[in-house]
Structures are given as structure tokens and as C-alpha cells.
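There are two complexes below, and they share chain A, which is joined by chain B in the first and by chain C in the second.
Right, the complex of A and B next:
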């Protein structure tokens, strides 16, 4: 696309794309999904594609990403071969309910068995038709399309993704692993939408892995809504591992009720352009939220994390920790916000962002923010940017550890603050392994994968 | 429970305390009609008998200003300002040029006395040279001769325009260009007067220089402009303090301060700001939209800002340092207090450009009543700023459950050798701290005063002696009992 394409033209193009394909976009979805489109479209037309003049996107150049040429598909492709043969998760010990999603569409042949009674794991489109009651009570309820245009964009294009429902007081032992695959021989625009509902007293661990299987340009805009009911516990781990051509816009909206606990781990290991928007609303007393992020970027990658934690009720705790290692020409951004409403007394809210810059042309922008309207609170944030500690390096080298190894050890220790928060052991081990390889400059090639796409 | 009641009582008592510096001086003022257009600007320039380059500068600024919009990014609710409803020039009427104190309007002298400005005998005792600005025109400059012996120029801006046009033309607008922002452009177009300070090479200014700003005539916005130039190896400590009388109508204050520090020079700029904050219901009060910026142009130079902000209905102010010279240092120490319906969005910018530059930011915000207090700061490390070092600490103290405290730091790092640290906390005074004091026989009000002063100590310590005392008093007045 021409370089001087303006955001205005891009916006019009997307709106036209929607109108032209409205029939196929609406083909298989229920009323719940269709009903929010009108407002979302209106909001998007108002907001447009965020430029860097929009405060939340100050350090993220979305224009460039949207200006690329992509194809769009509005119906699921059916592969004759078994997708599970093409892609295998490389964590053999990790026993999960695997849910494959191909180019944004729920894989038609997912085999999910042995679920506790009442648990539903199915495609989003399917759920909107077959379980309208539960679905409509939650879908689109935690997203504010007026506030963020990526959310609005996702909401009117949304067709499919994964729906997970855990009934009251049910604990699901095996994590649910959603594997998002990008697999096509042409550049593709992908929209994914997930809805995860954990009713009160339930326990759930969701792992989301993002992979690209071909060296093509993908622009994915995914949105996940997570509802955690009273007393429920949810762990949400996201592992981003995509190629350098792809752009991933990932929006997560977490809504928590009283006494609930959510731990999220956002692990951005690889990807040309990553934007993570994480919105948390603590909507019940004594709710607890932990959001951890680790990003390792090199070459010309861009990684941007945006968090907003809203304390709406008293006695809630929140904790954010984002750590980044940037080398070569990588650029990173962190924009975190803690918002304490005027009724949210006795709030404890912490936020920390540490960054290591390893090369002269790496760049980091950090913007931690506090907005506080209640007085009986303890809130703090901290942000640092620096290098590896020379004294620590010297200490290690004086004990006979080679410089390269010593550097690696220090970086690994830096990253470990985030990794150690992952609750599932096998996943944690796997991430340690991935980070190890990543820091040594060779991100694990999927050993068992038949497409050695090469990141 | 008892203690809480006590606190509440003290809180109500003290938030009721009125602005203690509110009085209006009756002096005939020479004003021009309300409104803003090119003719008004020509008139201001003509009244001040300015050379052509100044008029050109003003007109250029005005034309640019007309293309600009009021900034909306700050965390402030600013009622619409009608720029045509403001008198842009008001000078106290002077009968003739004055040769001694006895010729100064006695009413004016009394005003300064009330403010504690040492215009007469006190000047020798306190050792403070005062360039008193009242309604835009410098009335009396003291110690000018003493300073002149050292080659220091300390005079009103308009005098400088006439007497040192080369220096003014060379430096004015180099740190804050007329295109910088909405209020800077406005100021550049209509600025009335201000202070000019030039410290020659190798001179250490023997006394603290000080200016008292004061808004007086009704409906007059005040547009000050200060320019400080510190030549190589020089040192100056500059004090600025202000109080304003009670007024019902909002008053606009859009000042510019420019500091230029050449090689090895050090400039310390301290401010105590106590403009009229409006009454308890948020009626009236001064709008304080100020652009303050210093540039460390030479190697090993240093600029240090220290401010105590207790007044103004709305404060929009970011004293900044551009660290261009290698090994240059920028410092920012701030205590900002907001009470009742005050709003403050203040902070700093530290722009690291040279090698081995250092900056420190210590900001203490205290919010009480229904006020909102934001810290907004930028630390930017440019591509070639090797070994830049920054430490920022921004704490907020909340006194009362209807106020807000916000922190918006921006960290932009483009050089891998930089070490940048930022930390911020928000909390209220711990009941255990108050209990500890009570237990030792200190009543709750004193305890709160003690704790707040301790909290702000790091900054107060940075103020020159003369100011530290006043600042502590101001903190007490502004906060008395608003602590809950």
C-alpha cells in the first residue's frame, strides 16, 4: 500500500471491508456477537486507528502496521491433514486440554475429552448459538469499545475464537491450552475473540500460545474477555512466539468479583510487532490481581505493553511487574496505569517496570502512572532502565565464569523474577528453557514441528 | 476513634482558614483597554518604548499564537478563558521618575511592607536585592549599584531591553522559543515586564537575588518574563516568591523563565508560589500557566530548580532542564500542596543530550480537601547522551478522601548506557505515626505538621535560608488541619 496512506483512508478501508463482507462475517454467529457490532463500528468510526497523538499509543506506531497489505478471510479453511500432526506442542510433560485455533477460527476437529461436568469448551461462534443464556450475559460486557479503538475494531469483525465456561465450584485440574496458529501462504489479517467465564468458586488455568507457522505477514487483533466470579481463581498465561513479519495486537479484559484471584503472565518471547493491552477491573472487595510480563526483543522488533488496573472496590490488592531485555534495534514501551476510584479505600497497588538495554540503538519508553482518588491507600510504582551490573559481572568472572556466560546468568536472573510466578511447573520449566535459548540468541526451533519455518 | 474525631475537627478548623495575604492596594493604575489584537500589542510595545526587534518578536509570537489551541493534555479542568476579556497591560502610575524611596507612592511601600519585602532599611540587614514587580512594571530596584560593581546586571526586563539590547536579543527566546506552547506564545506576544539577570564570567553573586511578583489591579493578567544568563564559571542563586490579593474573578498568569548556564556555571532558582488559590468553594483564584526552562549549555554546568507551590487555583508548570553540556547537572526539587478545589499539574522535564549528564528529581505532592494534584515529568535520554544518570522520586500524600493524587512519569531512553530510576508512592499519614506522636504528648495537629514537614524536608532543605522559613510557614498555612 502506498506509503502516504493516511490513517483516515485505512479506517475507511476497514469499514468498507466490513460492509462488503457483512454476510459472511455474520454467517455462523449468534445474536450476542451480532448485537454489539453496530455500536463498536460507530465507536471505531469515531476513534479511528490510533495515531501516536493518542496518549495510550504514544510510543506505538500502528499506522505502519495497518498500512501493510493483508488478505482477509471470513470463513474457516478446512485442512485435509490433521492440524495436530502439523503442529505439536513441544512440552511433552504438559498435560493440557489442547484447543487449536487456526487463523482465528476454532479448529473443526479439536478433540477435547474428560472435562468435568458442566464445563464447556467450544468455539465462540458455536457458543453464541448453543448457549445464548450464558454467552449473552458475559459477551462484550467487560470491553469498553468507546475507549479503545482496537477493541472496537475487534468487536465488529469478531467471528470466532474459543469459549470456555467453568460452572460454580468446579475445579479443572488440567490447564486449558489455546494454541493460536497463523498458517497460510498469503499475508493475512486475523481477528480472534475469546470469552472465558469462571463462575464463583471455580479454578482454571488458561494457557494461550501464539505461533506463526509460515514466513508471511500476519496482523492479528485478538481480544479475550475473562470473567472471574466471586472466590474464583484464574491463572492466565500467554506465550507469544511469532515471526518477525507479524504484528500482534492483543487485548485482554479481566473482570474480577469479590475475593477472586487472577494471575496473568504475559511472556513476549518473539514477534515483529507486539502490542498488549491489559485491562483489569477489580469489581469486588478483597479481589487480588497479579499481572506479570516479560519481554525479550531484538532485531527491529517492537514490543509495547499497556496495562490499566482499575480499583473500583475497597480492600483489593494488585501487583504489576514488567521486565524487558532489549537488544539490537529493538524498541520497547511500557505504559501502566493504576486507577483507584474514590470508594476503593484500603487499596494496595504496586507496579514495577525494569528494563535492560543491551545495545546502543535499543530504545525504551516507560510511562507508569498512578491516578488515585481515595486516601487510605498504599500505591507505588517504579521504573528503571539500565544495563547489567558491572560489579555483579566482575564477581562472576572473578570466580572463573566466562564473560558471555556471566552476562547470560545475570539476564536470566533478571527474567526469573517474572518466570517464577508461573504456577504450572511444566510450563515454567518450558519457559525457562525458551528464555534460555532466547537469551543465547537461538530461540528454540520447534523440534517436533514439521514446518521448520524458522523464526 | 477519638483521634479521628480530633483530626476531623482540626481538619474543618484549618481548611476554614482563610488566605492570609489577601488585600488590595489602592493605587491608580495606567491600563489599556481589554482585549487582544495587533494594535494592543503595538500599544504595549510603544508604551514600553521598545526597539523594533521587540515589536517584531511580539507580533511574530501573536500571529503564531492565533494558530494554536489551548492544550488539553493536562489532568486539569480549566474553565474557558476569554482572552479578549483581559487587560494586557497595567502599570502603576508614576508621577515622575524616582530618585529615592521617599518618592515612591507610600501606599505601595506599605504593601511591600505587609509582604515583608525589604525595600528600605531591612535591605542591608537581609542582604537581599529586590526587584519588586507590581502589576507588570518594575517599581524599584535595590542593590543595583552593589551588584554593578561586580559587573552583575540585575534589572527589570524592560530596562534590559533598553540598556542591554545585545544580550536580550542574543538570548531571549533561545530556551523557550515563541512557538513553544500556547501560553509561551501568548506571553511572548504580550509580556509586560519581568527580571533580567546577567552574571559575568567568573563572578559568584554574593547575595541571593529575589523578585516578588504580585498581581494587583483587578482583571489584569500578568505576563512576566525572566531571563537569567550565567557566564562561564559564575554562580547565582535566584529567588522568586509571590502572594496575590483576594479577587473574585479568575486571573491569568502566564510567565516565562529562561535560564542559560554556560561552562562551569551554576544557577539555583527557588520559587515560593502562593498566588490566591480561590476560596473554599473553588471560587476565584489565579490560573498559573508557567513555562520555565533552563539550558546547561556549557560543560560542567548546573541548574537547580526548587519550588514550593501552595497557591493558585490551577497550576500548570514544568520547570525543565536541557542538559546539553557534557557533565552537566539538572535538579528539580518540588513540594506542591493543593487544598480545597485547587488543581495542580506540575513536574519537570530532564532532557539529557550531552555525555555524562546527571539529573535528580524529588517531587512531593500533598493533596487535601477536594483538590487534585498531579506530577507529570519527562526524563529523556538522547541517542548520544552516554552515561546519563537519572534518579526520580515522586511521592504523594493524601489528606482526606475527596482529593486525588496522580503520577504521570514519562521515561524515554535511547541510549543503552543510561541508568534511569523512577519510583513513586502514594499513601496517607499513617495512624501509627500520629499515634506515636500523641503518645509522646504531641497533639494531633502538631503531629501532622511535624510529619508533613518531615515529608517535605528533602525539598525544603534545598531552599535558601531566607525561603526555607517562609516555605515552612506557607506549608503550615496551606495545610493546617486539612489533614485527616
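Right, the complex of A and C next:
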């Protein structure tokens, strides 16, 4: 694409791409997915690709990302290789229900067994056809395509991804691990859509891992809707580990009913360009939400997190903690919004964003946004950006700890505030190991990956 | 062991140490006293390797080597240990992890295998008992939320773990109750042998009842203005620093 392609032209190109491929895009999906496309398309045409004039995208240059050249595939590619052989997520002892998703499409050969009765884990497209009742009751219900154009864009291109359904009062012991793989011989534009429905009183841990297996350019725009019913507990862990050429736009919409609890851990370990949008709606009394984020960035990486926590009902708690470590020319942004509706009395809402800048050319922008319409609430926010504590560094070194190790200890301590919230011990240990490698500069690709493609 | 010659130190262009001369031999205990702001902590931190200051003149040799060229960790490996006047709180780094790393880094420097988990725990317990350090403190982050006295005790505990050759105690006695004071003194006296040396910075003669110094120096406005035997401490206590001022004017 020419360098001076305008956002207007990019928008038109995407709309045309949709119209030209409408038949393949609609080929395997049910009415639930098709029915939201029209409105989403209209919203996208109105909103366009967000420029930096849009407040929420002020520090994130999407124009540059969208202006790159990508191919698009509207049907699942079949490789002759067995993906499970190529990609083994070897988290020792981490026993999960593994669900592979290749370039946005549910892998045809996923083998998921031993699920508790009534639990459904299947492809999004499949579920929209085979379970229209549950599917249509939730699909697209927690997303506002008028508000965010990436959500709109995702909604009219959406074809596949993962559908997870946990019936009332079912506790699923093994985490469900969705592994998104990017694997292709050309640069790709990828759309992924997941729907997770955890009914009343259920318990679920979903882990989403994002990997690029090749040194190709990817632009992925994923959207996950999570519904957590009354009294249900959902843990959502996202581990992003992609190459420096990749751009990942990740949108998560969490909807919580009364007395539910959701803990999210957004761990951005590696990636050229990452934008996470996390929307939480506390839609029932005494719901509790914890959203934790950690990112580690270097070279010219850009990682930005946007959160919006909406307190719609009284007696809810929310707590956001985002931490970033930036080195070299990395840039980052945190934009955290807390919205307390007028009926949401007795709200407790906290937000914290702390960053360490390891080089003078690293940049971080942090912006809290509080909108409070109830009077009996407790809200707080705080943001810091600074270097490693020189006094602490000297103290450690004066005890014989080498400078590099001392720096590592301090960075690790900083990161651990987030990691320690991961509820599954084996995953936590694995993340500790990955963060350890990352902070020591030894992680530039997921080291368990069998394909040494040099990213 | 340690030889300081005409050391001049500046910070932001302001002279803080104005020509220090001091020789410490193995087996000796030196006390440094002097009024607030005289430069005692500056001298101590310079010896430990802090690079906040500019050394504009002078030489420091430690066991025959140029100390000023060594990194703080190298000095630690070679046996220098500073008990900080203000120990630093390090949230998120646990005492156990910190001590284990420190010990094993030191061992690696001396080409020794890392301590096994059980040997480390044994050592930890032994030293904990020696200095009367509560075990719930070792389970916490380094100095985080420790009381003033606990922080000082923690310095002595670390000293006992690392067994330095040259220990520098910067007002480790300040803010300690009488029992803790004895612990500090014991810590120092336990280390004392013909190969080790100690520099004790203090404002109080009290500590010197337990740690008997071979020499007492007065550091005043960036200079050592008086050096003598242990009786100097008593004299200072009695006459105050005004006396020093009039003495030095003579």
C-alpha cells in the first residue's frame, strides 16, 4: 500500500474486501453471526479506522498498522502437517483442554475429551449453527459496535473462533486453553471471535495464548465476549507472545452478573504492536472484577492497554493494576476508565498503573479517566513512571549481587505484583519462567516452539 | 588492609571530604565519631562503592588493590560490608531470595558451588539465632515495613551471613534498645579475628563499652581532626564537639 494511503481509503478498502468476499465470509456461519453484520458495518463506516484524534487511541498509531500490506483468507487453510505436533505447549503438568485456532479458524482436528456433562467447547461457526438458542442469546450482546470501531470491524468480518459454554453450577477443573496460532507463507490479516458463556454458579479458567509461528506480518483483530452469570467465577488469562512484525488488536468484553467474580491477567510478553481493549460491565450487585496487566517491551515495540470498567449496579468492587517495563525505543500507553453509573452506590473502584522506563528513549503515556455519577463511592487511581530505584540497586550490589542480577531482581519484584494473581499454580510457574527469560533477554520466541523461524 | 590517602570527595561541586587519611590494619577496630554532616556516611558509602560522588583526589587501597576501581559487588566479594545508616526497603524481593542470591554470587566469585537448599536454610537458621532475628522477618520483603531497630538488626544479620573481612558499621547502634545493642556488639565481636577489621561509626560512647576500639577518630567538616586511643571517646562525650573545634584552632 502506498505510504500516504489515507485512513479514508483504508476504510473503503476494508468495506470493499467485505463486500467482495461476503459469500465466503457467510458460508459456514449461522444467523446469530450474520445478523449483527449490517449494523456493525454501518458503525464502522461511520467511525472509520481510529486516528489519534480519537481520545481512546491518542497514543496508538493504528493508521500505520492498517496501511501495511496483508492478504486475507476467508476459509480455513488445511496444512498437511499435524498442528499438535508442530506446536506443543509444554507447560509441564499444566493439564488443560487444548483448543487450537489457526489463523482465526478453529483447527479441524482439535480433540477435546472428558468434559463434564453439558459443557460445550467447539468452533464458533459450528455453535452458531448447532446451538442457536444459547448462542444467539449471548452473541454480540456485550459489544457496543457504535462505541469502538475495532469491535465493529471484527463483528462484520467474524467467521470463526471458539465457543465455550459452561452450564449452571458446573465447575470445570481443567483450564480451557485456547492457543491462537499464526502460521502462513504470506502476510495475513486475521479476524478471530470467541464467545464464552459461564452460567450461574459455574467455575471456569480460560487461558488464551497468542503465538506467531512464522516470521510474517500479521494483523489480527480478535474479540472475545465473556458472560459470567450470577455467583459464577471466571478466570481469564491471556498470554501474548508474538513476533516483532505482528500487530495484535485484542478486544475483550466481560459482562458480569450479581455476586460473580472475574479475574483477568493480560500478560503481554512480546509483540511488535499490541493494543488491548478491555471492557468490563458489572451488571449485578456485589460483582467483583480484578483486571491485571503486565507488559514487557523493547526495540520499537508498542504496547497499549485500554480499559473501561462500568459499574452499573451498587455494591460492586473493581480493581485494575497494570504494570509495564519498557526498554530501548519501546513506547506504551495505558488509558484506564472507571465509569460509575448513578445507581451504583457503594462502589469500590481502584486503578493503578506503574511503569519502569529502562532507557531514556522509552516512552509511556498514562491516562486515567473517572466518570462518577453516584455519590457514595470510593474510587482511586494513580500512575507512576520511573527508573529502577538506584538506592535499592546499590544496596543489592553492596551485598555482592552483580548489577545485571540486581536489576533483574528489581524488575522481577515489580512484575510479580501482577504474576502472583494467576490462580493456576502451574501456569503461574510457567509465566514466572517466561518472564524470567524475557527479563534476561533470552525470550524472543516461545521457546517451546518446534519451528525455529527466527522471530 | 585499608589505606586511604588524601581523599577528596565532591558532590555537585561541593567538597564533602577534604583530604582524608586513614590506615586500618587487619585485626583492628576503628571508631569514627563526629558531628552531624561531618562526612562520616559519605566516607562509608564511598568505600562501599556508591557512584553518587566524585572522587577528585586521593587513593584508596584495599588488600593491595585500588579499591576505587572496583564495582560495589566486587568489593563485597572481596570482603567489604557496609551496615547502612538507612537500610533500603525493597518491596517484592524476599529476604530469603535476596540472601540466597547474595551468598551464591559470593560463592561463585570464589569458585564455590552454590549452597544446597538445605545447607542454605541451615546457615540461615544458625545466623538468625545468633543475632536474635525473628524468623517472620526473613519471610518478608527486604526491610519493607521493618521497624527502625529491625532494620539495623537486619544489617547485622546480613553481616553475619556474609562474614566480611572489613565491616563498616554506620550508626548501627542508633535507635537500638539495650539488648539489640548487645546483639550488634556480639555480631562484631564474633567476627573479630586477626584477619578482619571493623570501622564503627557512632555518636555514642555507649557502643564502645561493648566494642572496644583500638583507635578513635574525629571526622569534622570533612577532615579527620583528631585520632587517639579509646579514651578519646570518653573525652568527647564529656566535652562535646566544641572542645574539638577549639582544639583544632590551636
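Here, the second predicted complex is superposed on the first by the 450 of 455 C-alpha atoms of A that agree within 3 Å, B and C clash if a C-alpha of one lies under 4 Å from a C-alpha of the other, contacts with A are read in each partner's own complex, and residues count from 1 in each chain.
Basically, contacts are C-beta pairs under 8 Å (C-beta built on N, C-alpha and C of every residue); 3 or more make two chains touch, one makes a residue touch a chain.
Everything numeric in this text was worked out from a predicted model, so none of it was measured.
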Determine, for the superposed arrangement built on chain A, whether chain B and chain C clash or fit.
-> fit
Is A:410 in contact with chain B, with chain C, with both, or with neither (first, second, both, neither)?
-> second
May I ask you to decide whether A:400 touches chain B, chain C, both, or neither, giving the answer as first, second, both or neither?
-> second
Quick one: chain B or chain C, who's touching more of chain A?
-> B
If you stack the two complexes on chain A, which partner ends up touching A:8: first (chain B), second (chain C), both, or neither?
-> neither
Identify the partner contact of A:38: answer first if only chain B is touched, second if only chain C is, both if each is, neither if none is.
-> neither
Mind working out whether A:392 is in touch with chain B, chain C, both or neither, as first, second, both or neither?
-> second
Thinking of the overlay built on chain A, is A:118 touched by chain B (first), by chain C (second), by both, or by neither?
-> neither
Angle at chain A between chain B and chain C: what is it in degrees to the nearest 10, using CA centres?
-> 70
Using the touch definition from the top, say if A:423 reaches chain B (first), chain C (second), both or neither.
-> neither
Minimum C-alpha distance between chain B and chain C after superposition, to be given in whole Å.
-> 13
Both partners, chain B and chain C, contact chain A at residues none
In the complex, the residues of chain A that touch chain C are 389, 391-392, 394-403, 405-406, 409-410, 412-414, 416-417
Residues of chain A touching chain B in the complex | 55, 342, 345, 355, 357-360, 362-387
Of all residues in chain B, those that touch chain A in their complex = 73, 75, 383, 396, 398-428, 484
Parts of chain C lying in touch with chain A, wherever the complex brings them together | 48-50, 71-73, 75-77, 81-82, 84, 87-93, 97-98, 101-102, 105-106, 109, 141-142, 158, 162
